[in-house]
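The next part holds the structures, each set out as structure tokens.
You will see chain A twice below: alongside chain B first, and alongside chain C after that.
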Partner chain A sequence: MSGKNKLSIKAFSLGLLLAMAMYFVPGMTSDAIAKEVSAEQVFAEEAFAKEVQAEEALEGEGEAEVEWSQDVFYKDWEGNPLKGPVSGFPAPELGPSDYNNYEFAPSRMLLWVANQQHLYFGSFVLAVPIFCMLIEFIGIRTKEEDPVMSAKYDRLAHDLMKVSLTAYSWTAILGGILLFTFITLFPGFFKYMAGIFRPVMHVYALMFLAESGILYVYYYGWDRMSEDKFLKWIHCSLAVLLNLVGTVLMYLANSWATFMQAPGGIDSEGRFLGNIWHVIHSTLWNPVGVHRILGNIVFGGGIVGAYAAYHYLTAKNEEEKAHYDWVCYVAMFICIFGLIPLPFAGYWLMKEVYAFRQQMGITLMGGIMAWLFIIQAVMIGLLFFAANSYLHNGMARVKGSHRYMKYCKYMILLLILCFTMWMTPHTIVMTPAELKAMGGAQHPIIGHFGVMSAKNTAVNLMITTTILCFLLYQRANKKINVPWATVGNCWIAAIFVGAAANIIFLGIYGYFLPANQRVGLSVPQVTTTLTTLFAGTAINISMFKDSESYGDIQWGSQSKVGTYAIFLLAISFTWLMGLMGYIRSAVRLFWHVTEVVRDNSVDAYTLTIGEAGKMLTFNTLFVWTQFVVVFWVGSLTGKSVEAKAPEGVPVPAQQQQ
Partner chain B sequence: MNKALVSFLVFVVGLAVFHNAIFPIFTPKEVGWILNRYVYFLLFVAYLLVTHFTLRLKPPIAMMALFVWGLGFYFYKWVLYPPIPWTLFITYMVMWSIGTFLYVSQDPETFRDFRRPIVKTIVGEYKFAQWVMLIGMPILVGFATYNSIYPSYEEPVELRTVHPAPPATTKVHGKTYPLESTNNPFRIDEQDNYKDSFPFLDAEKEEYMKYVTEGGTIFFQNCHYCHGDQLNGLGMFSHVFNPTPANFIDPGTIAMLQESFLFWRVAKGGPGLPNESTPWSSAMPPWEEHLNTEEIWKVILFEYWYTGWHPRTFGTEGSTAGSGGGE
Partner chain C sequence: MLPEQHDILFSFIAIAFALFGIYVFANVILNCREREGANITKWGGIFGAFAIACFSMTVHMFSLVQADQLAFFFSTYLWLVVILLITWGVFLKSNSMEAQSPPIIRGFFFWTTVSLLLAGYTNWLPQQRSDPPPREAAVVGDLTMEEFAEMGRVIIFGAKQVAGQKSIGKGQCPLCHTFDPGDHMGRCPNLFGVEKRSHDRVKENRYATSPIAVGEVEPSSGIVKGKWDEVPEEYRRQHGPDEFTGEDYIRESVMCPTCYVVKDFGNDGDTRSPMPVIIKPPISLSRTEVNAVIAYLQSKDTPGEFATVTVPLPQDDAGNTGGAVVEDTSSDEDAPVFVTGNEDMQTMINTLGCPLCHTIPGIEGAVGELGPKLHEKINAPQRIKDPNYKGKATNTREYVRESILDPGAYVVFNEAEGESFPDGLMPTTFSEMLSVRALDKLVDFISQTEAPAGS
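Our next item is the complex of A and B:
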């Protein structure tokens, strides 16, 4: 591989690491920061409340003008419920007149479909600008060293934005459908939510306007702003702004869902207590936000990957094949980088759910939703299999990879063993005869895999294996020449062996600790895994300095199995997103807003696993049908250009060597 | 001799010899660290590796896949003991099959090698294999169909929620207990740290052990018939119940729960289970009708002491001893 291209891959890796750190680190630390900020705020509010009450007492004019009530969630310094001035109406007791329905389908299902479709598209249009920002940035950075590659990156970012533009309008339309579905089918509930979130909804609409404006300038100004170096940087800055606005948009919309699940800023009657920030940033707001950003990146990567994979399989000439193979690689690279920290964000979310209501946590992990979590485990396993299969097959087309290919089978074995542990249920479905044969409800060997100590260990080892596979992929065609190559290799080996030993030790140690301390062990396990990611990647990339190439990456020669793995990943992730969304929403059981607004509609029941599965499959198929249409619409403008592509499409730099 | 054939014979004959001659040696009545079925399995794998290495056998990838898949099947079906339920067996085999597929499809070359005999069979180059498939497949399908429609009188499989979410509060003997904040009033030390020093106890420990002993007495008077004298869910009546009584030794039962959860389950029994735990076939009586509140708490104390588990706590809320009051 050329030195220039090495630089671009380094810049790309570094960019992704930074981007991930930018999202992930604040996310993990924001809990502590939020609490401190909240503590200061609480102190000020308490002081203000006492002042107002004292003034009212001094005036002595009978009853206080402002009624004060206790918050259902926020607490003051001493752990007593925080008080706030009542600023809204109590939650309504909803009756038959608050629900409308059509004959052909239950309202809840219609709302589910409308919501899920909007979320899928929202997720995609929020993810694509993140890719475009990174890809355009790398294009700018590599322009001087490798103009051909730089143009390639720029073209890819531009093409993705074109698709995103169509998807953006589609998302807005689906948002409108969702809003109308809420208003027409659940008017009573929507009235209450609108009463609480009135200012947020207006800000949301304004942010949407800002997002649209920036998006149009960003897309339509692409060619014009590419002509000048300074303007190109301004253009790239617009992408940053676009992502910032997009993230704010998503966080505002998240606040409605997190409020419904774990409300704050209201009293037990559902009356708004005057502080909109309390309502927005209820306890699940931060973890849901981080989880969704990472999820969006994986989802977006999966869709772009599937799009490229389709074009790769149907490509008419070698050049086209090479291009789309490369796009698959970029998309999967981004996708896997999002996938690795995603389970950790999920753990954080579940921890906050348990902290909010133990009851809700048990319903999710041990109660009525537990079987859906087993299905989730299967789907996550599929994602890791697909990612690893792609990497293994991708590695095979790189010259020099034979040095590492021999380790693939051991990595597969480790993945399968970990996955078996990861998805062994605590409560096994069995007939009475089987139960008798087993000698009790728990198996003496595999029964130990049913608890979190085993599962945390398994998932961390799976992620560490995927990271190792990725590092090997990175160095597959490189002959390391740095003088400290042996030391570097020893360090990488030591990091991975040490990490595996530490993860396994902590997993076993967990069985000997009380449950509350055991839960805490997941933190050092996760830290160990992330250390392999950051330290391993950093050392690996540093070792590429002055490296020689065994040969070029044979773009356009990816195997079919590796390409189908991308489809598997994309479809599985779509289904998984729907599943987890359903679980998060359905855990409220018979509440619209937990413990405040009761769902008195005829639809206030929990679906059977089969019914839920059918709906999820329908939503997945429906959204993919729409994506096909959107991509087709996006391709309409490019078709005439594609016909005479050879002139404009540069051959990958690796193939020019 | 064809090396692939030798490899196949090494596997098949080796398996037959190992299973019939060596397996019984490794499954004695008194299972030891060496003489156990898992060591036996490792020995068999080692035998395969060593013979293939010394005889320099390199079977084609399709045969390797067959060996790998066969090893998984053999382990889950014959080696793992006690036998696992069918649903889990199928799940494990699906996992193992996916793993085998990943193994053969890790690069285009191995996948091509893997597909070659299959393609040759389909297009007719391997006539004998084609005949075997043409005759064998219908027989296999017919056998599976016969098995599936053959009348079976087993109870149907139930998908029960074993750990239902508790209610926010529970009312026992006229008192309402908020489950998230209720603690065992007899728990002097949160983590049962007195267990190891028994019977050399100071005054405080003696008091604690007095409660534990009282709890134990109540347990053996009332609970051990089902939950077993070793608290492993294998009491003398346990085999007639479905669901079976809880096994407290298992790390997934009381070790994962707050004491207040147990208090609610013991007090309300099977009839007090929430809707999500349908069908309500639990035989556990509502013990609030037979024991007083203090006796229930003492039994719970005993169960944790005996098993060595520690009750689940969240943050610091569970650390305050003796605050088992209600409203």
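Our next item is the complex of A and C:
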């Protein structure tokens, strides 16, 4: 075993684990964070003090100068609606003059397309700097031990940034189109939103300026700042700053959407109550933010993976093939690491939706949106299949993997079983004849798989299987030599078997509990799954110490099935992202701002699933057409010198030691 | 997209295919120029024709609207592209140029196929469009208590009942509540027997103190618990006893769900109800609508019996100051519809409003599609034989008569949509709109309707 890149594997894994933990911890402590107990109390007290002062002033002067009103969401510490000074106009009753349209398409569809395209690109340009930051950091840390690999990492980060730069301008253009679409087609509604979010919009614009400035310095200063070790660290710090500003940008924009879905900081008439922070951090702000960051990472990983997979297919020589095969691996590694915690962040978001309005949650999970969640289940199943397929195919090119390949078929079998359970609907629309034939709204046997107890069990088992598959992939070419190898293997086996048993037990136990208590079982199930991830990965990596290699990975020999699995993952995730965005937005039904600003346009209906599906497919194809154009434009700036594979085989950090 | 507009997805794919045709043409020309012996005239001509055909078909797609676009795409354009792909494959193989098409093309088709399959999957699932609820239920003319309770049922369940699931009306109640005995979804209390419980509950000790005491104001709704005379005036009961009645309890439950939380169905230790205040957004029921819901809840467990209903009818409601529209019935223009049978058939059917939903051969303008086509000469005998038919008719005339007077006796299956026509959509009030003579005349006519020859 060589010692090279030992640092990089640790740094890379640790970085990703920390990043994931950072985003996941809020989810685990959702009650505390979501409700912002401490911060909330401070604000409540401030507001109460103001209220008291105003009342005192009122008593003293005998006439009211400030009107006070109740917040639609925030409560004080006694559970009563928080009061605030009325600082804005009531929400307008929108009429025909507040909506414009073109003859060729409904305004709502045009806005949807504009919004979705901007979000797709925004997601990509926010994700790439995260990758670049991590990859550049690893490159710096490995420079002394392995300069060749370090240069390779650095070049990869630089190339990704080049693509991102073109995409960044494109994102800004799409943002402009979105803004004009809003102003021209929904002027009445936009006027109201602008009235509430006026300062936020200005801060957003200024942050955009800051993001652009940092981005340009980061990209154009790359070569110059690489010459000096200190400057290189400054350069890497710029990446951190870039990500911070990007995250703030995203959170600010998120506040508009989360306000529309679950408003706060206004009264029931839609009047602003003077506290802009309340408007920004309404109840869904945190979970949507975390969910989007993770989603961006997966989406960005999918795009970079597809980009590399395409170049892998068109590679003219073995070096190029090896390089892009390796890039595929890095992208998929990041993508899967984002994918694993993503359902949990989604779970947190749904929990907050239920907490905000139970009927909104039920509309999503059991009402008119329920079929869309079945489609979501199918899409998530596709993602896990694609990810596992890549890992299984990727394992085939690793020497020594024959020890584990025999388990792949069982894992696929388990995935199929869980997938079938995961996508079983609770109830479906049926004809009377079908209803009679089945003997009721639920099938007597498979109807049991339609409830959340079965679904939670299925998805947790799918994630656990993917984690196991990933651990096997990690150790495929390693001969474990630590003295405690047997104990370690036993621990890993015990963790996974115990986790599976616990997940299944909790799932079955849920059938014997009332629905409101059953929901609580999802927390230990998720915790069990995460235990396999953190404990399993930690033990697995620890066992690589002093391990021997069965041989190098044959980079450049990725099978076509594996390559197309990356494509499938990229398409599926793009489509899924659009679907979930549509669900989140459409659950407002006939409201622009839930319960405050009613949508009185002719487009206020909820689409049929088929109509929505066609729009999602259009958006997916349209954005990928643009990505192809952007990548092509990026390639016009001069072919980068392909980082030649280091002598021997370019085994990435993850696979060495 | 509206039916008269273009389909955004297939318009986009048509453009993509036109570009694909041009790409293939350029690819073939370049390949032929690089290879000696390749017949550039022949192959250029063939693929040039393909490119022109693709371009023409794309232009044609833009002259069509949604449904026609789809039909043309799948019947013609798609096959042209398949033939183009096969011919391109023959060209590449025959000239030993490349083993297969460039990755960008394979990627494009992989992408498009997967995406279209996903769109196809969503179109394969049951389709249900949801329109915004009306701002208020309109009450036209004097209502009977049965009609008023039915209005409440529609507010709760909506007009459309879909087999296998409870449909959701403006009130959104079935999202959480169940209504049948033994049906416990577990989210909110089952409302079977609510009328009886409403009288008992107000006497319970738990009601008096939990989660707030009688006489206290519940902050989120602003309602004073257990005080019917302190309910906001626009919703307040106008007549009746001084004590807090079962009707008052039900009204309080919908206007102030947190005034009393049924054990194990609340949040924060049963101190807060998850139910929204239904007189506020998003539901925002008017006074008349709230009363209609109460009328339904008070009567639903005793079908056909309305003695337990205590809310007043809208026309008798002194407090009804503009919640729902109660129209003046004094003018002839607004008089109830009634057909004597002396009118001609066209006038009769138009007066009754049948053409709005039905296609009726022989009646001009009767091309409605919400209900089944009336080809009863052939259809009625078949439906009587249907195992799902539970009516009493034994011949066509009886079946038609039954369908007019009791539309719910048999709900026709809509073959085109793959589901039943909506139950509950057809009015059940024709018995009050037709004289005996008019009914006989109508039954005679409809019993003889059949599809036009050649259709």
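Methods note: the second predicted complex is superposed on the first by the 588 of 657 C-alpha atoms of A that agree within 3 Å, B and C clash if a C-alpha of one lies under 4 Å from a C-alpha of the other, contacts with A are read in each partner's own complex, and residues count from 1 in each chain.
By definition in this document, a residue touches a chain if its C-beta (ideal position, glycine included) is under 8 Å from a C-beta of that chain, and two chains touch if they have at least 3 such contacts.
None of these values were measured; they are calculated from a predicted model.
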{"item": "Side-by-side fit of chain B and chain C on chain A, or clash", "value": "clash"}
{"item": "Which of chain B and chain C A:A210 touches, first, second, both or neither", "value": "neither"}
{"item": "Contacts of A:Q358 with chain B and chain C, given as first, second, both or neither", "value": "both"}
{"item": "First, second, both or neither for A:A535, with chain B first and chain C second", "value": "neither"}
{"item": "Which superposed partner A:T424 touches (first chain B, second chain C, both, neither)", "value": "first"}
{"item": "Touched partner set for A:H443, first chain B, second chain C, both or neither", "value": "first"}
{"item": "Partner chain in contact with A:L415 - chain B first, chain C second, else both or neither", "value": "first"}
{"item": "First, second, both or neither for A:W575, with chain B first and chain C second", "value": "second"}
{"item": "First, second, both or neither for A:S559, with chain B first and chain C second", "value": "first"}
{"item": "Which of chain B and chain C A:L607 touches, first, second, both or neither", "value": "second"}
{"item": "Offending stretch of chain B which, after superposing on A, collides with chain C (from 77-85, 113-121 or 311-319)", "value": "311-319"}
{"item": "Contact residues common to both interfaces of chain A (with chain B and with chain C)", "value": "357-359, 362-363, 366-368, 371, 427-436, 441, 514-516, 606, 609"}
{"item": "Footprint of chain C on chain A - complex, ascending", "value": "79-81, 103-106, 109, 113, 268, 310, 313-314, 357-359, 362-363, 366-368, 371, 374-375, 378-379, 427-436, 441, 514-516, 564, 567-568, 571-572, 575, 589-591, 594-596, 598-599, 604-618, 620-622, 624-625, 628"}
{"item": "Contacting residues of chain C [partner chain A, same complex]", "value": "1-2, 5-9, 12-13, 16, 102-104, 106-107, 110-112, 114-116, 118-123, 125-133, 162-165, 168, 172, 175-176, 185-187, 219-220, 264-265, 272, 274-276, 280-282, 388, 411, 413, 418-420"}
{"item": "Interface residues, chain A side, partner chain B - complex", "value": "354-355, 357-360, 362-363, 366-368, 370-371, 381, 385, 388-389, 392-393, 395-397, 405, 408-409, 412-413, 415-416, 419-420, 423-448, 450-451, 453, 511, 513-516, 559, 561, 606, 609"}
{"item": "Residue ranges of chain B in contact with chain A within the complex", "value": "80-88, 91-92, 95-96, 98-99, 102-103, 105-109, 111, 154-168, 179-180, 191, 232-234, 238-239, 242-244, 246-247, 250-252, 255-256, 258, 276, 309-315, 318"}
